[in-house]
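Chain naming follows the written order as A, B and C, and within any one chain the residues start at number 1.
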Amino acid sequence: MDFGFHEFKTVRDMIYAKTGIFVSDQKVYLLKKRIQDRINALRFSSASEYIRFLKFSDHGGKEFNNLVIATTVNETYFFREFPQLQIFAEYCLPEVVERAKKSSVRILSAGCSTGEEPYTLSIICQEMLTPQCNFFVEAIDIDDRALSTALRGIYDERSVRDVPHTYLEKYFEATPEGYAVKDFVRRYVNFSKVNLFDQTQLTSLGHDFDFVFCRNVLIYFSDDSRRKVIEGFYTMMKPGGYIFLGHSESLSRITTAFKLKRMGGGLVYQKPLTEEG
Amino acid sequence: MQHSGSLRQMNTKQLLKELNQISAVNDTTKIEELIALLVEDRREIVREMVVGVLKRLKDPDLPEKIAALLHAQDAFVRNSAASILARQWDWSKEALVESLKDKDKNVRKLAIDALYEVGDPSTVDFISIALDDEDVNNVIAAVEYIGDLGGHGYAEKILQILSHAEDQFLICSCLEALAKIGDPQCLHEVEKRFSSPLSMEDFMLMPYLRLLAKFSQPQHLGVLLEIAEAKLNIAYKEIIDSMALFINRNKSSLKEHEKKQIHTFLTQAISKNIPSANKYEIVSLIGRLGVENLSDEVKTYLQSDDPMIRLGAIEVIGTLKMTDFEADLQALLEKEKDEDLRLAAIFTLEQLKGE
Amino acid sequence: MAKILIVDDSQMTRNFHAYILRAANFQVIDAIDGADALEKIYRENDIDCVITDVNMPNMDGFTMIRKIRSEQTFSTLPIIIATTLDAANDKKEGFKAGANFYLVKPVKPSVLIESVRMAIGREC
């Protein structure tokens, strides 16, 4: 097949320009294999012909979206993308509390799936905030089954593999069914079924969020819906609040209204303190 | 519909709601107000939201009003106007073609950009109008876009432009475009103009090399290797890409000694200080080249410290169906930490077992 | 080796400028528009010079320069505009935004190299 690194880069650039997702070099094999399968299925004669189809004839972007999904492994577990959480915990959280002299912090976990992310955030807040500062995590997803797993709050070995040992003892209880999240972690998390596309439903959660986490969720959406969801988040956030996408997702391909900041060696996006930025 | 206040007086929360509503019911009576907001409001999020709505509204009179914004002094406004027109292609054809004739060359350039942004090869015939633009930058843009959109019908015209071109950037653009939409005859014409490629400036040599490789025949191997050896340090990406193009095109007609020559060059290149991704490509190319007795070499690559070289080796094992490597792949899986490499090894093992 | 960021929505321009600068011993990375460039400037944190177009979708060059200059860390980062816009008021706006040099396309290779050298104050 005429799919070399040049072709890989062409497809990678397309994915980045359209979705803001950066596909790393190591994914070349996976992408090549996927494209080979699609070329066979759609009976194209070459990779360049397929790429041309993606570029110019894939109206509605369905083929393109499926390709993007195929290159992203979406597994959820506690403390996933640790460096990003570290920046949140050690830089953003203290910055928000200090700047606004806050006595409570509100966090949105959008697309929370089976609950690992919101519980992780609850654990981080317990660790980082003083008892005088309250916090609350609104966790939303559209999938009923994922939400019921989240509510149950019991996880297998694989899900907790990245939980630091001391946290595992402190915040989880080993039961015959698996690791159960303790009550004082659950208490600060509220799960509800919300469709991100339904702006009325989404924004009814409030307009006072200090943090929004929406990691590895937007990859499943079209350009327009992605933008709309982010616009919704923007109005739901307090000035100076932070938004986190997955570590290979780039917000600047969706909107430029958030302010970029370099914190703890990483990039974060902050809603401007004043609306004119 | 309930009558709401002026958009200009709303906060972002109210605006988001109102703009969604305008979009949902296609309220075209708000177009003037939206345009005013786009031009005057200083809030970035608001301007972006307005652009989003203007892209979605359906109204045959909209494109003309938006086309007027291509003249805006504010760079954000004029670039947004181009994007809106691109998105409104079903309605904006006339306005864009009209803008291609504007007396302001910058407006013509924005119109060319917008036509390209439509992302549809059918715009090529409109973009081609700019091949005759009096401004060289507009010709350059048109050449690039026609190449990218696959406008094969314009190869001849671009070849003509190349033959008169003096500006170096225009020459490069023509060469790059011809590499995409030309044919071996084009290469033949270009070769006549650039008879000693190694004396070309480096920045011009790169697009030339691409064109050469794309339509090459086995007899081009000599010049290709000569350029490759001389310029590997500054242009490893382009050179490896060219090798890939050459091999794809000529693989079946290459003689053993020619394959050997390429193989020697590639194995030397892999030891140079070039990025890992390019080394992966080299290993993968060695696999595709079809030389014999690769086992020992592949074994070395499979044990490399560089994950991209290991990935290349895994791929070669699959491509060449090297069934005697099953145990090596199993051994690799025992200790490999990189998830993507593990996946590649697992797929390849399945593939070998199927043989 | 100085690291140069080329910002342009045209792939051909990015390639052309990159060939020229790489041949003159610069390390080159690129970005497809102002927003992409900003991310790269913040992420890489060791860019020595930015060469940017003005008219680009998503985020134009002037807006990008204003954003770069609003950040203390990047207040002295050398910025060269390379654009097709040649009117006096465009140049004025470019310098007002915070650019150090203003070049009109098509830029001659020697001029591009010389401008970068002047901007960073060394050969390569």
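Before moving on, here are some points about what is shown:
Note that in this section contacts are C-beta pairs under 8 Å (C-beta built on N, C-alpha and C of every residue); 3 or more make two chains touch, one makes a residue touch a chain.
Remember, it's a predicted structure, so these values are computed and weren't measured experimentally.
Farthest chain from chain C, judged by C-alpha centroids: A.
By number of C-beta pairs in contact, A-B leads when A-B and A-C are compared.
The geometric centre of chain B is 20 Å away from that of chain C, both derived from CA atoms. Taking each chain's centre as the average of its CA atoms, chain A and chain B sit 28 Å apart. Chain C has its Cα centroid 32 Å from the Cα centroid of chain A. The residues of chain C that reach two or more other chains are 59, 63, listed in rising order. Shown for chain A are the residues in touch with two or more other chains, namely 256.
Interface residues of chain A facing chain C in the complex, by the touch rule stated above, are 13, 17, 250, 252-253, 256, 260-262, 267. By the touch rule above, chain A contacts chain B in their complex via residues 2, 4-6, 24-30, 32-33, 52, 55-56, 73, 199, 203, 207, 224, 227-228, 231-232, 234-235, 255-257, 272, 275-277. On the side of chain C, the complex with chain B involves touching residues 9-13, 15-16, 19-20, 22-23, 54-57, 59-63, 84-85, 87, 89, 93, 105-109. Residues of chain B touching chain A in their complex: 12-13, 16-17, 20, 42-45, 48-49, 52, 56, 119-121, 149-150, 240-241, 244, 248, 276-278, 280-281, 284-285, 307-308, 311, 314-315, 338-341, 343-344, 347. Across the complex, chain A is touched by residues 32, 34-36, 38-39, 42-43, 45, 58-59, 63, 67, 73 of chain C.
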